[in-house]
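Going by the order they are written in, the chains are A, B, C, D and E; count residues from 1 in each one.
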Amino acid sequence: MVRLGKNKLHNRNNLRSQGNEYFDYYYHTPGGLPGNFEVSASAVPSSIELIDYDKKHVIRRKNFSPEESIPYLEQKTVTWVDVQGLGTEEILNRVGRVFKLHRLLLEDVVNVPQRPKCQDYADQLLIIAQVVRLKTKGEGFDTEQVSFIIAENYLLTFQENTVFDPFELVKDQIRLSQGQIRELGIDYLTYRLIDGIIEGYFPILEHYEDRIATLEEKIIGNPTRSDLEQVYRIRRELLSLRRLIWPLRDVLSVLTRTGYNNINIEVQVYFRDCYDHVIQLLEIIESYRELASSLMEVYLSAISNRVNEVMKLLTIISTIFIPLTFIAGLYGMNFEFMPELKSKWGYYICLAVMALIAITLIYFFWRKGWFQRLY
Amino acid sequence: MVRLGKNKLHNRNNLRSQGNEYFDYYYHTPGGLPGNFEVSASAVPSSIELIDYDKKHVIRRKNFSPEESIPYLEQKTVTWVDVQGLGTEEILNRVGRVFKLHRLLLEDVVNVPQRPKCQDYADQLLIIAQVVRLKTKGEGFDTEQVSFIIAENYLLTFQENTVFDPFELVKDQIRLSQGQIRELGIDYLTYRLIDGIIEGYFPILEHYEDRIATLEEKIIGNPTRSDLEQVYRIRRELLSLRRLIWPLRDVLSVLTRTGYNNINIEVQVYFRDCYDHVIQLLEIIESYRELASSLMEVYLSAISNRVNEVMKLLTIISTIFIPLTFIAGLYGMNFEFMPELKSKWGYYICLAVMALIAITLIYFFWRKGWFQRLY
Amino acid sequence: MVRLGKNKLHNRNNLRSQGNEYFDYYYHTPGGLPGNFEVSASAVPSSIELIDYDKKHVIRRKNFSPEESIPYLEQKTVTWVDVQGLGTEEILNRVGRVFKLHRLLLEDVVNVPQRPKCQDYADQLLIIAQVVRLKTKGEGFDTEQVSFIIAENYLLTFQENTVFDPFELVKDQIRLSQGQIRELGIDYLTYRLIDGIIEGYFPILEHYEDRIATLEEKIIGNPTRSDLEQVYRIRRELLSLRRLIWPLRDVLSVLTRTGYNNINIEVQVYFRDCYDHVIQLLEIIESYRELASSLMEVYLSAISNRVNEVMKLLTIISTIFIPLTFIAGLYGMNFEFMPELKSKWGYYICLAVMALIAITLIYFFWRKGWFQRLY
Amino acid sequence: MVRLGKNKLHNRNNLRSQGNEYFDYYYHTPGGLPGNFEVSASAVPSSIELIDYDKKHVIRRKNFSPEESIPYLEQKTVTWVDVQGLGTEEILNRVGRVFKLHRLLLEDVVNVPQRPKCQDYADQLLIIAQVVRLKTKGEGFDTEQVSFIIAENYLLTFQENTVFDPFELVKDQIRLSQGQIRELGIDYLTYRLIDGIIEGYFPILEHYEDRIATLEEKIIGNPTRSDLEQVYRIRRELLSLRRLIWPLRDVLSVLTRTGYNNINIEVQVYFRDCYDHVIQLLEIIESYRELASSLMEVYLSAISNRVNEVMKLLTIISTIFIPLTFIAGLYGMNFEFMPELKSKWGYYICLAVMALIAITLIYFFWRKGWFQRLY
Amino acid sequence: MVRLGKNKLHNRNNLRSQGNEYFDYYYHTPGGLPGNFEVSASAVPSSIELIDYDKKHVIRRKNFSPEESIPYLEQKTVTWVDVQGLGTEEILNRVGRVFKLHRLLLEDVVNVPQRPKCQDYADQLLIIAQVVRLKTKGEGFDTEQVSFIIAENYLLTFQENTVFDPFELVKDQIRLSQGQIRELGIDYLTYRLIDGIIEGYFPILEHYEDRIATLEEKIIGNPTRSDLEQVYRIRRELLSLRRLIWPLRDVLSVLTRTGYNNINIEVQVYFRDCYDHVIQLLEIIESYRELASSLMEVYLSAISNRVNEVMKLLTIISTIFIPLTFIAGLYGMNFEFMPELKSKWGYYICLAVMALIAITLIYFFWRKGWFQRLY
């Protein structure tokens, strides 16, 4: 079960509430110092990968030290420093120093998860997004924070996790010089990476569509209690999915419209395309949420319907047999003077009357259409 | 059953997930290269039709090659190149080269369906819309993407399908020089084509109105389980219809207000008329959605009503006969000393008491109005 | 039963789908020519009334021909040409030629009903509104389109119908020179006519208020199935009423704020008053819609309440008599060795036990308050 | 029962539909002349009170004639003319003439109730507000219109009623020179009066809070049918209360932001405080409306819950006794060959079996927790 | 039980309705004088703490008199005057005089609680916020008003309460010179204090998340009546929590965007971070409200479901035994001529028939799946 917002709040608080030896001036309770990051005990150790390329050459090196990247930054090539894992505080601090990151910026990058956003820090532009992946076990999805720091001559990215690298494909394309990627600059590279994240939301939505479609059939046909739980869960997960995507709309709207120094007008066209996809994602989520909400109403109606049918069966049986039983009871009385009992045909007449009553009532129910959905 | 958004997502992913020999740098997973189109295996083969006209002459040629259109583009006449079917990659590429289409533009045109939109590519204006047609079999509707590329001296259109040409009427009008069409330019031609698409939504809405009206009568009168399903489907289909029309509002708002080079102020008046119709469509859809939502509530209330009536019948029968059966049971007891049983009038007094009880209860229920809707 | 939007769609389509001899290039299907009007077979024949006045004189002539109005237009007096009935195509065409009406303008005026709007055609200002009148038979209301074309030296109005002239009172006031009307110009005349239309919505709302108030009492007191239908209808009719009034808000907002040539600043104060009334109308409609929506919920709760009461009666009767009947049945068994049966007081003890059980249960139900609403 | 908007519509129409001798050109139906006021037969006779003060002196005179105020207007003192009661037409007309009021302004002031608003008439500013007072009998509230006309050298106010003067306190403060009131001008006086009206809404809200709190307890604990009516009424009254306060937001927003000639920048700070209170009032009303809406849902759920409990009782009794009664009936059959009946222990074995069945079933229901809320 | 808004309204009115000896011109009813504060009888006595620091020195003194702070204000150091408790009128008045506070400002600070807001008073900026703390007993939260007055050379804060100082941590950080706090000015200090308040909302939300998560499990599994109450309470408390946080959005938006004299551009970056957190808080609250609303629907559906199951049990038992009881009753009749009774195998055949009927019905119910959730 996905716990909505749980991770968000918990990680935040875990970070804050764990005693942290390095930042000894850190306080657990509200009122603590801002602009400090805390490395979670469960975080993946950090390692740095550097990719430096232009039209003619490409360099890709793993397990780099932050300081080694300084000479690359001075060249006119595209320099991409990819920090994987947020678990080694010392490396993160060195990265912070090499790239002169603002303390609030570093805090947002390391204290995951943050709300997706786009913030301007003088000559650096911070973009935070969440990569979403379906859980391998059970339902729901996992999120992983990816941060971009775009400067004039480098792109610095931070990934929360190292199990799966969402940038792998783009790295291959750079190596193989596929498409335009080697011809364009940092802004285009950023676009390609963000585009990959956004496109990654579509399979998630497809997953929800499948679940809704399955539920539709079940709820309209033969609703069970577990369907109710399913609808509720889908609503909850879509709610938290929307919270991840909604802020991306603002992020991309900003990237599309305003003229950031580091983003070329030519690449803005590409971001506009991304923006369109985010709008589409949000429209689809809204549709699904409305469908899920309708399904809840359909469920309630279907249950009421079923109560009605159960009631009908009970009423048919009771209405037919209760009067008959009464008649039988009547002639089971032990009064001494009951002339019918002495009659030779009394029993048969009694049976006939009973049959007549039963048939009349059955006809009455048949006319009202009550037998339709009983069997 | 219309699968909401299914086509949209599926086509998209099918395209992306099929190996594509031509664009060999294409990747299936998110992170693949942008600005590439993929020809779906099921797409209709492409063919090109050219219509070139001014006040005095009109030329209409089918099965044209893209390069043949170049001389026409240089003349001062209105040149309309209509690409039908998105299945022949080679032709689409040649069209892209002849008309110098941006890669993202071509991607949006070919990778159908896209969200309706209006995008400005320097000297070209891209408009994407969806033609809607009621399904010939079953309920719901099919969509077909139509794209317009408006430039100074030509109009380039792409149709997803060739079975039905939504532009046929306008082509005839050009041939017969009906109305103003031969006197005005590319902008007016565009208006006429878009207007045709928008007017085509009205019969769809009429179809939904008929379905809602039919359901109203059934649900208020005698609701069945299938009505519930119908209401749900109508809600879902209206939801997806709104997703098609809503973006057109922005498209036409842009065409009406801003001064695009290629659109004359005189023709903006016509687009304003289109805009009014789109607003009207959206208002009607909103009304229908509210009605469908009310119907769901009416359904639930009607079912509750019915449960109530079934309950009433059961209660009437039970309340009358259970006490009578008790009395009968009482005198069916085998106690040796039960003076009533010996009495000569015991049986008749017993019957009279029973009748009295029954009549009293029937009167009681009649006074409460419980018999009103039972038969 | 008011069919929501039915008129709107149907008229539209009827017009479009009827063969029209005059405009032989007219097509039924979407894609037909714009800027053409079609005279519906059922439309009222057109006739023209001219009213020309200034402070000193007033002329009122019926059955005028359009061309006769030309000399009046050249004078400095207020010239009001009122076209009644949209059924005579030839007259409408002549009006179009005399007053140089744009084809789209004429189409909107004749192809009724249109959405209320305010459009600027160079030196003419088109305002479309809908007059609403309660149906004489049955519930709901009828609408009738009224169009205003305001130019520098004339006011041209079109009425869909001639049975009832909503302008009659103002015409009398002009004749009798009541109020300021003869002292002010075309803009004030327009205001007076539009004000009359807007004030005409208030009695309609009063009608709905009465219906809601009647329903409230019934639904809270003793809801029946027809109340449910009523609530649904009121919701539907309010929905369609709002669609008529909502666009007037924009129309009047435009007339109040912007400086149209033909509307004096002094008269804008009057339009502001109209605007206030439209806002008030919309607020009242919103309130009624919320009330109607609450009533639906109250209805459902009231029905559930009633089910509960029916259930209680059944449960009381069953709970009291089923155990008693069991005891009676017990002593109705034919076992040979049942000592109680032989006892002289057996029967009376048995009766006493039964009475005790019954009294205990009745007391139990009385304590729980179940008898409260049963009778 | 508060009839929502009834007063509003009715007064309006009463005024309009009564023959009025003075304004003989007045028409009942829409289309009548604007800018005319009609004195309702039930309105309170008008009387005028004049308060004229500056730092040093204060004059307060009742039963003043409008013309007598002219010399005061020419002095540099603060002149406040308070018209109480809107029933004497002749006085109202004289006031209109002395203060040169626009006809629309006078109409809005006299034809009560109007929607609260703020309108600019050249050198006069009209503010209309509604004073709200809880009904002394029954639930709901009464409204009374108060109008302010603010000019450079005077404040003119109109009160619908004279039973209770909402301005009495401020008049006393002027007399006793309490606070800053004698030191500041007309704008501050206006603020004080409007502030008094707005503060007067808080006790009304407290009244609703008490009603909601009482209902909460009842509905969660033991809902009755009258609670449903109560919730509905609260929703309706809050709806109409919001309609009174909502427009005040715009009124005060206008007074706070724009620089009206007659309102000092120093006093705008005070109006900002009023604005904050109006926002707070609206937020509280919104909260109450949501709570009332939730209560409706809680009510429905609570009733369903109760149906469930009634059902459980019935089911327990039926499930236990119906099988027992069957067994009793079985051995009540008159077959000649029923060996059990002859057995000496038959009766006791039979009783034992019955007891066993009953205990088993009771245990079964006890395990399911069905006894929990029954007694 | 948290009484929504009760404190707010009540405090307000208590203040206003208590006779206040000092401000003898104060009136209880609306219309009273503005700009006056009233010290509640239950308020905590006021005491003043002064903290004055720059990079090199820090002074912290308690039980200060307002006038003593004057020399500190003239130095270039950061001077923070923290007034704790709003119960000593004389001290508050002296503070008002020393710092030249506007009467409305002082009223807002002392007459707690006020709606959070940010108001500009010439050279002072007033910020009002509410500190939220979970109740130590029972559910819900308590609020405490904190006000900030930011001027060029001092920060003046007012705390409603002294039991818990929300600023304690920051005061320690100043003393120990932790972080940047001693290096930056009044604006940064303000940021730190406001940030502490905002971060303090997160644990509250976590508390609600836990409650929602607990309820989810119970309602989906086995809903009881108290769950309904819980859902309602959560909705109510979230509603009032949102009312506290919502206005902070505007406050921080103002602090982030506009260039107040007293707030440095460098510190605006920090306020932007606060703003992000407020947005996140609001998004989370919205999610929780939607979840709580869904839970209400789930509850209703779950109860309906349960009614259905109870009904099923009753129907199964009744449908099986009622016909059997009828047959038993039939052969319990005392007719003299009933040939079956004489038959030797009659009894056994009768039993067999009964068994057959029972088995058939059980099979029928088993096929329909009615036994699934019964035990």
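Heads up, the rule we're going with is that a contact is a pair of C-beta atoms (placed from the backbone, for glycine too) under 8 Å apart; a residue touches a chain by one contact, two chains touch by 3 or more.
This structure is a prediction, so every number in the text was calculated from the model and none was measured.
K.L.:
How many Å are there between the centre of subunit A and the centre of subunit D, using C-alpha atoms for each centre?
P.N.:
About 42 Å, centre to centre.
K.L.:
Determine the centre-to-centre distance between subunit A and subunit B, using the mean Cα coordinates as centres, and give it in whole Å.
P.N.:
Computed value for the inter-centroid distance: 26 Å.
K.L.:
Going by the contact rule already set, what residues in subunit A reach two or more other chains?
P.N.:
Touching at least two other chains: 297, 300, 304, 307, 311, 314, 318, 322, 325, 329, 332-334, 338.
K.L.:
Going by the touch rule set out above, what shape does the chain contact graph take here: line, ring, star, complete or other?
P.N.:
Graph shape here is a ring: one loop, exactly two partners per chain.
K.L.:
So if I start at subunit A and go to subunit B next, what's the full loop of chains?
P.N.:
If we begin at subunit A and move next to subunit B, the sequence is A, B, C, D, E.
K.L.:
Please give the residue numbers of subunit A that touch subunit E in the complex, ascending.
P.N.:
Result: residues 3-6, 8-10, 12-13, 25, 27, 29-36, 102, 104, 108, 115, 117, 119, 121, 225, 228-229, 232, 235-236, 239-240, 243, 246, 296-297, 299-300, 303-304, 306-307, 310-311, 313-314, 317-318, 321-322, 324-325, 328-329, 331-334, 338, 340-347, 350, 375 of subunit A touch subunit E.
K.L.:
Contact residues on subunit B for subunit C in the complex?
P.N.:
Answer in residue numbers: 166-170, 173, 176, 178-181, 191-192, 195-200, 202-203, 205-206, 209, 213, 216, 220, 269-270, 272-273, 276, 279-280, 283-284, 287, 290-291, 294-295, 297-298, 300-302, 304-305, 307-308, 311-312, 314-315, 318-319, 322-323, 325-326, 329-330, 332-338, 364, 373.
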